[in-house]
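The chains carry the letters A, B, C and D, assigned in the order they are written, with residues numbered from 1 in each.
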Amino acid sequence: MLYNYKHVHREGDMVMRVSIIGATGYAGAELLRLLSGHPKTEIVHITSESYTDRRISEVYPHLTGLCDHTLESLENLAGIGADSDFIFIGLPAGYAMEIGRKLSHQPVRIIDLGADYRFRNSAIYEKWYKVKHTHPEAQRVYGLAEIYREKIREARIIGNAGCYTTAGILALAPLVKHQLIDVQSIVIDAKSGVSGAGRTANLSNHFPELYDNFKAYSVTSHRHTPEIEQTLTDIGGQEVTLNFTPHLVPMARGILSTAYASLQEGVTAAMVDEAFHALYGDEFFIRLRGRGAYPETKFVRGSNFCDLGWHIDPRTHRVIVLSAIDNLVKGAAGQAVQNFNIAAGFSEHLGIDAAPLYP
Amino acid sequence: MLYNYKHVHREGDMVMRVSIIGATGYAGAELLRLLSGHPKTEIVHITSESYTDRRISEVYPHLTGLCDHTLESLENLAGIGADSDFIFIGLPAGYAMEIGRKLSHQPVRIIDLGADYRFRNSAIYEKWYKVKHTHPEAQRVYGLAEIYREKIREARIIGNAGCYTTAGILALAPLVKHQLIDVQSIVIDAKSGVSGAGRTANLSNHFPELYDNFKAYSVTSHRHTPEIEQTLTDIGGQEVTLNFTPHLVPMARGILSTAYASLQEGVTAAMVDEAFHALYGDEFFIRLRGRGAYPETKFVRGSNFCDLGWHIDPRTHRVIVLSAIDNLVKGAAGQAVQNFNIAAGFSEHLGIDAAPLYP
Amino acid sequence: MLYNYKHVHREGDMVMRVSIIGATGYAGAELLRLLSGHPKTEIVHITSESYTDRRISEVYPHLTGLCDHTLESLENLAGIGADSDFIFIGLPAGYAMEIGRKLSHQPVRIIDLGADYRFRNSAIYEKWYKVKHTHPEAQRVYGLAEIYREKIREARIIGNAGCYTTAGILALAPLVKHQLIDVQSIVIDAKSGVSGAGRTANLSNHFPELYDNFKAYSVTSHRHTPEIEQTLTDIGGQEVTLNFTPHLVPMARGILSTAYASLQEGVTAAMVDEAFHALYGDEFFIRLRGRGAYPETKFVRGSNFCDLGWHIDPRTHRVIVLSAIDNLVKGAAGQAVQNFNIAAGFSEHLGIDAAPLYP
Amino acid sequence: MLYNYKHVHREGDMVMRVSIIGATGYAGAELLRLLSGHPKTEIVHITSESYTDRRISEVYPHLTGLCDHTLESLENLAGIGADSDFIFIGLPAGYAMEIGRKLSHQPVRIIDLGADYRFRNSAIYEKWYKVKHTHPEAQRVYGLAEIYREKIREARIIGNAGCYTTAGILALAPLVKHQLIDVQSIVIDAKSGVSGAGRTANLSNHFPELYDNFKAYSVTSHRHTPEIEQTLTDIGGQEVTLNFTPHLVPMARGILSTAYASLQEGVTAAMVDEAFHALYGDEFFIRLRGRGAYPETKFVRGSNFCDLGWHIDPRTHRVIVLSAIDNLVKGAAGQAVQNFNIAAGFSEHLGIDAAPLYP
């Protein structure tokens, strides 16, 4: 069956019916925060296998009075699909592709916040995620609007970009696109708040263990590595292999990514500046703080902005790019709503243009 | 000159022109966050004596792209008054009364986030603030909408309630109003994030001193004490004297207040429940989490909600009321916008109904 | 069998052989930190049912190079008892009394960091802990040296005082002892770091839930309540019933307790000062910071000190006492070593006199 | 005058008289914490120009009962020099060289915790610190014991290694020494707690600005860069130029450094392992956590340990070395005491072998 997105497209002032599968993880709760205030969205179904039949405000009291839906089980997937124009999925890797496959004959469009639909080459997914891809034939678009906006417009399945990957790709895309750096020299050293690890309690995320503490994890092996490589390779047309190192910051939200690369010979600071402005000059959600600037995670907290600052070291001829996002917003739920707005034909920043929360 | 608020009242769908005097403190910045997203407000002037002629986004980069006004000096106060329907003041105690006096012949309405206009009896202000009140004749209303909503509607000068006081008064008002407690037995033990101390850097707010630390301050002497006493006395009709003890929590935002009082003989749990529902059942910004419930500061972070939970101890016949607010929102800027909405004839929650930021 | 503590008593300069049952909880790890540096102690056995046969430095890498014992199972309890002069127990309520019972015919002495041996009246234990006491005939001493030092010297079983209780009792003991306050007016509002909740990971202690958050818990029902009441009643000779409210501070260690009580008529500030100096003037671990002083949890972090400051409110005729301890040291492991030093005939501060870690 | 360190050398069991100039900064306070518990040290003078004539326990209440010296002015420098075997200096850059010059005819030995005596080539100091060196002829030794132990033994002036530099050098020294990496490929991405910025309050270290926030600073320009380069160049015999990027972690203490370098062709994981064990196998303060390990800052908190873990990425043929220290201990005061112990002929870990404080 040929997918025709116009089936589910409505006129600009119509309201979209949306459902969230896996609504009780942090990304799901953040979707509820944003969508409950979105002027052109009606939340239809929300699901949770752990909290079925409970109200969402019991699980997340901050939503009391704003969103009091009762959580359903996934059992009635077909019905949820039939009732919804869009389905957001906030489940661990491996589940979304099953849902996508089962819904493949319904017109509902899917925005998956997990990794299942992020890779064009399913073999890469299978290698890093160590699981067979069960929906490899799915037409999917990588959900990073600043890079793939046009494809997102009519996409049926959107594989929403990951948190670290968003910070890493947006920092380097201008340099890779304009061939200003040696793509084999890239090192991305990223630092994230702990909400990125999800809501499942375990010793490594136990408060007293992480508080007043700082550490790296998954050095050389984090699964966002191939996602960044895939996209930078696509943007620059050259195979990119890089080091990506995540760290845990003792805070709940926010990513700061510090990316290093060797500049190609002859590349000047002005050329670097120009590359950033050329690619992002018109982007609402990318704030070019400029050369020499220092983005901070709290300057974007709670918002869908990605702040960028860059530095050039004449001693080593390297460029260092700093990018800051809120991992749950631009790195997850906010980006999903941005993709949704594009796909639904809405203004791109509808419902996600609130100011960051500072201090 | 008789003040006629209708001069500056516009029709429901008109936009109010507002200015902020003292826009670079935390309360001022929070006003900018809220007002820059308020659908019926136009920000006209913002002032700062320390950062005159600089753009607000240089001082607060989180506002980049959302609010790029240039900070003015207060020198042109008359002009600011003439251009504005409402002026918000976010200055240390002692300045607002001067501004109010100077603007007393202009129709502009004033919402002061400081203490100058909070006391009906200027002598109490003078005793606790150790400064002469220079505008004692001012008609003013205490800006706590859940208690004084009707008076706020037509008020010319609103003395916006303080942060600790909001948490304390809202917790006890139902019990005092219904005479359920011994008003001489009240102890309020409150805990606040550090933003409540303002943006002026000093050793006591230096990051390494406060981080991973907890302490009390101003025991028996905090200036919010008489403000709570004044309002509870007014509500209950009996003179209230109480202990209020503030503490600093190593976090930036949020107040949790734990209030203790002895129940009058014969008072039952059901009577306590009923008192809360009777007073607050219809309030949008007060979320009655119920008897036995535990409000947490993060459940209201970034929002204008006040969450309430209460507990009764049959062993000691005391009631313990827990209240949680965001000190910069319901405790300052959000409350100011709530008062503004009422005074301007807008829907009370316009621009301040966004969900809290969790986690 | 009559217990004769002299069996296990050695000369002053001899080394005591100690074992820790339940060494992988936070209190156990803290005991290892302290005892591994104690000059007259040899650690013989350490046990853990969860980590049997693993080295302690795998479970707690901070101990690498300092303590590399292998964790044993409790199965060989009799052998552990035979090898040890003292056994420290760091297990959840209900286990220690079983161990105590089984070891009742061996000369080994026991310091239990849990609640099983804290109550003189087992019925109170059974009521609050909802479990039958299986060793009610045990001779036991409440392990709070500043109050019961003489009894600790020859005790066979020491029920080490709890964390909140230590902070609460030490704050009020002078006032209760000298009959300066109305013992029915006491309110203790206490705030603790999260390590007090132990090392078992669950949602309520999951990092993102607690970070940047503050809340109360167990209002009117915390099990340290009867422990405080028992001891204050014993000290003052009058039945004490009080409110104790614990709160969680987003930090790992430290308790600040704020205690309120009404002064008896005629009690002056000087009388209050005198009561503190009379009881604690010679105590090494109690630092009288004085009237008007503000103890902070970080001033005692990592140390066995209890800092005290007190305030008198002439308006309400109440006294407010602030006490700060490190919940894992003076509130648990340090206090246990203090009790051990006394019982072993060592200098009381041996191995626990290091300076606090600040900032 | 030829300096003869034997003048001030005492027999192994004698006590050294020490003074601290600049005792009220964080490094000074940490020296007091450590030296007040050091068994062979007598603190003679402590100075502070800001707090002259006040007791140190008023400035740092955590030292109450442990160290109650009165702070003196520097005016009597010659007398302080005459009374002391060793002087520790904890002053901002530029002051220590003046003191060293003035004391150059006295036998007292100097351990400077600042940068004045860290550079063999004063021109590098002058370039990065933008100040003329006024004591360039001083014989000095770089105070990093694991690298320069033998020279430290008889040194008159020791330029104690910086915090970031200690973490960076110790991570890379084995690889540089054994020529295993391309020394032009080094990137050091370091993260520090805020105490590293000192005790002077300013907006950038104001609690609400940093809390729940993460940022980089001094990209390409931090003054620890040439210090790391100097030492690695010395160790490897090849000119090293590198990128060093510091970040602020919202916590008070601790540095985690993540160092990246390209392995030379043919270098295997076993060769890397061997290099670490060869250089550090016998070091007490370096804990080789091994290949694949994750040091965390809290595993070394409050201690003089440096924990090391390393990772090899076969995809990029890079090595990533993680090092964790407490910036105020191994990165400042603890390292100073370690150097002092060596220079005084004491056991190297005397007074600084306490276990880290966890959690």
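What to note about this one:
Everything that follows uses one rule, which is that a contact is a pair of C-beta atoms (placed from the backbone, for glycine too) under 8 Å apart; a residue touches a chain by one contact, two chains touch by 3 or more.
Since the model is a prediction, treat every value here as computed from it, not as a measurement.
Across the two interfaces under comparison, C-D and A-D, the one joined by more C-beta contacts turns out to be A-D. Interface matching across A-B, B-C or B-D places the copy of A-C, with more than half of contact pairs shared by residue number, at B-D.
Separating the CA-averaged centres of chain C and chain D is a span of 36 Å. In terms of their C-alpha centroids, the spacing between chain A and chain D amounts to 41 Å. In chain D, the residues that touch at least two other chains are 26, 193, 195, 208-209, 211-212, 250-253, 296, 298, 301, 359.
Within the complex formed with chain A, the chain B residues making contact are 26, 29, 32-33, 36-37, 60-67, 195, 211-212, 252-253, 284, 287, 289, 296, 298-303, 305, 307, 353-359. The touching residues of chain B, when paired with chain D in their complex, are 26, 193-195, 199, 201-203, 205-212, 250-252. The part of chain D that touches chain A in the complex is made up of residues 184, 187, 189, 191, 193, 208-209, 211-217, 219-220, 241-243, 245, 247, 249-254, 256, 258, 260, 294-298, 301, 311-313, 315-316, 318, 320, 322, 324, 359.
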